[in-house]
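Take a look at these structures.
Two complexes, one shared chain (chain A), two partners (chain B, chain C).
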Partner chain A sequence: MKHRTFMWFILPSLAAMILFIALPIFSVFTQSFFVSHGQVLIETENCGPFGCKKEVTVDVDATKQLNMENPLGKFNGFKTYTNRNHLAFQEVGIAWNSSASIFSFLKSLLNLPFYKALLFTITYTFCVTPFVIVIGLFIALGVNSLPTILKGPTIFMSLLPMIVTPLIGALILYWMIDAEGIIGATLQKVFDDSSLSLKASPSLTWIMLMVYGVWHAAPFSFIVFYAGLQTVPEDTLEAAMIDGANRWQRIWYIVVPYMMPLVVFITLIQLMDNFRVFEPIVGFSAQANATSLSWIIYNDLRGQDVQLFGSASTTSMLTILGVGFLLIPILVRTWRDFNTKTV
Partner chain B sequence: MFQFKSMVASAAILIGSATISNAGCGIAGGNVSILANDFAALHAVISAAEMCAGDGVTISKNHTKEHRTIQVAALTANPAEYSVAVVANSSLVPLLNDGLVRSLDDLVAKHGGSLQKHQLVTIDGKIMAIAFMANAQHFYYRSDILEKAGVAVPSTYEDVLAAAKAIKSAGLMEHPFAFNSAPGWNLGEEFINMYMGTGADFFKPGTAEVSINNEHGIATLNMMKALTEHSNPDFLTFNSDATAALWEAGDLALATMWGSRAGPILDSEGSTEAITSTTVVASAPSFAGGSRPSSTLWWDGFAIASNVSDMDAEASFIAMMNGISSEMVKANNDLTVWLIDGYKAGPTAVGVSETAANGAAPYPMLPFMGTLHGAAGAELTDFLQGNESAEQALSDIEAAYTAAAIEKGFLN
Partner chain C sequence: MNIKAQKRPVMLTLILVMFVTLWLIVAIFPFLWTFWGSFKVEADFFSKIDWKYSIFGIRTLAETGYNFTGNGYEGAWIEQEFWRSVINTLIVVVSVVVISLTLGTLGGYALARSGYRYAFWLLMLALIFRAMPHITLVSGYLLPFFQWNLWGHLPTTIIVMVAINQPFTLWMLHSFFLNIPKEMDESAMVDGCTRFQAFWHVIIPVMWPGVITTGLFSFLLAYNDFAVTGMLLSQENQTMVPKIASFLGSTTVKGNIMFAVAAVVSATMPLFILVVFFQRQIVSGLTAGAVKG
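Up next is the complex of A and B:
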């Protein structure tokens, strides 16, 4: 294709990408360097149904003047990135110098909200992604060997976890694991422990969130693998059968290598998705034991009466950076494959 | 003949009622749009305000639990998306900070004859909002369970702990106590309520510098921790819906919950006669020998947007005055604790009115209070799970608050 034709060809999607992806990210990026102007505070006499009191209030006119002059706020550089609620350079430094052992350093590190959320986010991403791929592949292989008449209904049933809205799915499971729900009550009976609670223990909460994550995402990898299975060449499989390969050997030596590009694709999508884990934390009310980077952004914008746009933007940029780091190995691999093919 | 008479009579009634409803409001015309939280008492007020619609007056409303998060953006627009914001003491502050609500002095002088003085919320002498109902977290107990356990009605949190212990050792309930301890807004509110009981200030006077890492803060946290030990291990998931449901299911004997829950809890729906007939509401307890109940007083009221025309503002004010009329109160007396003339306190109001009578303080209307509230709600969970000391938790709250307050321009 000529370069000129190619440009015209991708112009609409390029324009849409700039408008809906690049510009918003740039705006968030800009926002992350600004904080509110210094508020002009005055003391006033305030009265209400419960009496009068001398209280500090904001001098609206004086503060408005500052905002008119500089509507974006006060330039703050990277200070929001390095403050205690984000990368916390100062606090990490103090913890490093004052900690006797690596264990006590980690303890102080995980007391900081950003690192606490990062630990859960990374653990979640690296536990859920491989399970989703393996389980999805096994479901696909299972469904593929079913008689034709059963395939349709089975595929539909297997896709249900993905069809259910994530928040609703999380809420349904949340009620089931309640001490009076079917799973919660059964576990209490099995382990004969009336105080066993999946919601109270941090480790059980993490496991529960990850099980939910696998349950929710496995249908996605299943359907991709199932589509891929339809294109595995029959003659290669037959040749292997004639050579005496059993089912397991055929899967390991023919099907899996053939599906490698799909594995790369699902890994890519799942790493991105899982790094942004959010809905299960809200659905399971798990924020006491597990917070993620996305949850921090939500909390900055929705957790209180005042909204911290600078903080939310900063965490968003750090999340994008995190996704970038995760994807580098896969992108490098794809780039290498691409180059070897064209040469 | 008879038929003719009754037709005339009904026509007369129709005309009469039409003129009454217009005369009752007397709005010249304009657009009224109302943003409000979503609960029964506010539905009653706003439905009454909607009676003024017609004859060149349009009234629209949006009841949403998300009102706090959209109000600033909605009222910043010019013209504002809503002419009336129904607010509470905490949610009025962000509107005041940005100058998004107007002074009501002239409208009150012109149309506010029926208002009582305590309904006027004034900032620096200017009326900024009209309060119409009160709310507070207070104590709920089951008289039958306390009787079986052989303990008196607790009036301090130390008594509550003793009562919980007695109930447990009598084998009546394993986890008799609950309060709204879900991380976030709820847990932050419990911290503020408990700290209020010590009588100490949250900030150094006249500044935005937080000072809670002291003996009052430690006593507050230790009491919260002690209470959670008598609460179900799932307590970190308990929001106000969850605690009310546990109460109605009969799983609790002692609880601190919102006054606005008393009506739904004491009515016949959602629970059994055995539970509702023995549920008693009382003042919020005090603690550590303090004289002030560990609770904060809240009001709900309305404010009018700055960025609307004077005509719309006047129409909005008159419509809302119609919404908070004595007739509305008469029809909905037991929904909540009204601050309006004509209200007769019923059994559901005892908790709030006793809490106020015992000297509970109002929720501080400081511009940076919401920031501290958020920091406390997020940083307390490690302490309550036993992973860190009270001092560490308090210094975490202070650090989280300071970083956020710098971002909001309250500190340098």
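Up next is the complex of A and C:
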């Protein structure tokens, strides 16, 4: 295809991506160096019969004017990055010096909002992804051994947890495990402990969110593996059997290597999707015990009285860096494949 | 499939079938439970004392005189004006799908047919864009949109969602276009078609399955989104998902939680119907990138 024709074909799509993905990243980058203006205060002296009192009031007009002139706020450099709500260099330094062991250091790190969110996001990503792959593979193997007539309905039902809106899926599960919902109430009866609540303890909340993550994503890996199983080369399997390979050897030496590219594909998609975990935290109202990077950005943007654009942008920049780290191995690999292909 | 190498010992089959049965219960039961419960009163849906209450609707019978009640649906759809969000969702989703597919087929076709190195780099760029958490992009939009008075309107959200969906759409359509032999458009061009005519009259007619599958996934992305619609739409323009989220904040009053339950069931129904009709396309779409690439 000629360069010119190519350009005309790709132009609309590329323009949309540059305008609404590349430029916003730049905008986030710029915003992260600014903080909003404080309110303009004026000090007035009120003198009455009992002496003079100083009063501080907010000059609404001046504040408005300042925001109009400079909507980004005032320049703050890297200070937002290093403050307590983000990388918290000072607090980490103090914690490092004052903690006796690595555990107490980690514990004090968890009091800092950014590290708390980072830890949950990473734990979630690296716990959910392997479970999704393993459970998906077993479902695929199971469905593959069903009679043909049952396969269709089984696939239909399996697709539902994946297709449902993440926020809605989280809510449906949340209502069931609520202390008064069916699972929550049953668990209380089974353990004979009426104060047992999955929402109250941090570790149970984490587990609950991860269970949701696996429930939501397992159908995806199931479908991919199931389609892969249909195309496993039968000749090779038969040849291996004639050569005397038993069941496990056939699975280990033929099926598994054949499925490896699928595992890589699922891992890639799952890492990207799980790293942005956000809706389940809203759905489960889990913010007291578990926050993710996406969730703290959301929280800053929604801000109770003021929207903290600078703070949200700083977290966004750090999140984008995190995504970059996740993608490096994949990019390097693709780059190598591409070079060997063209040479 | 009935070759000897595929035969399994009975025990193994039994374990696998049991595992699948267990999975199916886990997958489907929450939906059935919530659907059934949405026709009850709150005291039955959250019945701490005995779970049988929610099945037989004992308190529903006591409170309303019937075993089933549509109170939740009435409250959500009429009192809380859920129908407004349904219309908004319809507008957003249809526009996003149509625009995404138009831009995506053009771009995906170009990427599949260009053998140059920059096409590869564009695909890699799209992959990186695909990995961006949506909320990080939203924090980039908000301030400029406030300044330019673009915030809160449906068209803004539609364009933003189209752009966010582009990387995925491009990848999927690109892999579908790769399956169509190059000779088809080349022979059309030998017969005197321009590149665009070849694309429009020869390639698109055989691409319909791929376009429909990609359209389904664009639909799901737009329908299921919360990060973008939740932040960029004003109260009166809210789509279904942010509307449901806003129910949660305001429904601490007794009985109103059932509005949210009813709304959740209403919003899940279209997805259910979608899977019934398009199961094959969804399955082929999920595997398009993996098995062939």
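Here is the rule we go by: the second predicted complex is superposed on the first by the 273 of 343 C-alpha atoms of A that agree within 3 Å, B and C clash if a C-alpha of one lies under 4 Å from a C-alpha of the other, contacts with A are read in each partner's own complex, and residues count from 1 in each chain.
In this section, contacts are C-beta pairs under 8 Å (C-beta built on N, C-alpha and C of every residue); 3 or more make two chains touch, one makes a residue touch a chain.
Note that the structure is predicted; figures quoted are calculated from it, not measured.
Asker: If we overlay the two complexes on their shared chain A, which of chain B and chain C does A:I163 touch? Say first, second, both or neither.
Answerer: second
Asker: Just to be sure I read the superposition right, which of the two partners does A:A179 touch: chain B = first, chain C = second, or both, or neither?
Answerer: Both chain B and chain C are touched by A:A179.
Asker: According to the stated criteria, A:I155 is in contact with first (chain B), second (chain C), both, or neither; which is it?
Answerer: Only chain C is touched by A:I155; chain B is not.
Asker: Which of the two partners, first being chain B and second being chain C, lies in contact with A:M260: first, second, both, or neither?
Answerer: neither
Asker: Return first, second, both or neither, reflecting whether A:N111 touches chain B, chain C, both chains, or no partner chain.
Answerer: After superposing on A, A:N111 lies in contact with chain B but is clear of chain C.
Asker: Between chain B (first) and chain C (second), which does A:V332 come into contact with in this model arrangement: first, second, both, or neither?
Answerer: In the superposed model, A:V332 contacts neither chain B nor chain C.
Asker: What's your read, chain B or chain C touching more residues of chain A?
Answerer: C
Asker: Tell me which partner A:L321 touches in the superposition: chain B (first), chain C (second), both or neither.
Answerer: Touch partners of A:L321: none, neither chain B nor chain C.
Asker: Quick one: classify A:A62 as touching chain B (first), chain C (second), both or neither.
Answerer: After superposition on chain A, A:A62 lies in contact with neither partner.
Asker: Have a look at where A:G303 lands relative to chain B and chain C in the superposition and call it first, second, both or neither.
Answerer: Only chain B is touched by A:G303; chain C is not.
Asker: What residues on chain A does chain C touch that chain B touches too?
Answerer: Correct list for chain A: 178-179, 285, 301-302, 307.
Asker: Touching residues of chain C toward chain A in the complex: what are they?
Answerer: For this pair, the touching residues of chain C are 3-6, 8, 13, 16-17, 19-20, 23-24, 26-28, 30-31, 33-34, 45-48, 51, 54, 102-104, 106-107, 109-111, 113-117, 119-120, 122, 124-144, 147, 159-160, 162-164, 166-167, 170, 195, 199, 220, 223-224, 226-227, 231, 241, 244-245, 248, 260-261, 264, 267-268, 271-272, 274-276, 279, 282-283, 286-287, 289-291, 293.
Asker: Within the complex, which stretch of chain B touches chain A?
Answerer: Residues 68-69, 72, 89-91, 93-94, 96-99, 118-125, 131, 134, 174, 182-185, 188, 203, 206-208, 232-237, 239, 297, 299, 339, 356, 361-362, 364-367, 370-371, 373-374, 377-379, 381-382, 385, 388, 392, 396, 399-400, 402-404, 406-410, 412 of chain B touch chain A in their complex.
Asker: Give every residue of chain A touching chain B within the complex, in rising order.
Answerer: 35-39, 41, 43-51, 53, 55-58, 60-61, 63-64, 73-74, 76, 80, 83-85, 91, 111, 113, 178-179, 194-195, 197, 199-200, 202, 285, 287-289, 299, 301-308, 310-311
Asker: Applying the document's contact rule, which stretches of chain A touch chain C when the two form their complex?
Answerer: Within the complex, chain A touches chain C at residues 1-3, 5-6, 9-10, 12-14, 16-17, 19-28, 31, 71-72, 135, 138-139, 141-143, 145-146, 152, 154-161, 163-168, 171-173, 175-176, 178-182, 185-186, 215, 218-220, 223-224, 227-228, 231, 234, 237-238, 240-241, 247, 250, 261-262, 265-266, 272, 275-276, 278-279, 282, 285, 293-294, 297-298, 300-302, 307, 309, 312-313, 315-316, 319-320, 323, 326-327, 330-331, 334, 338, 342.
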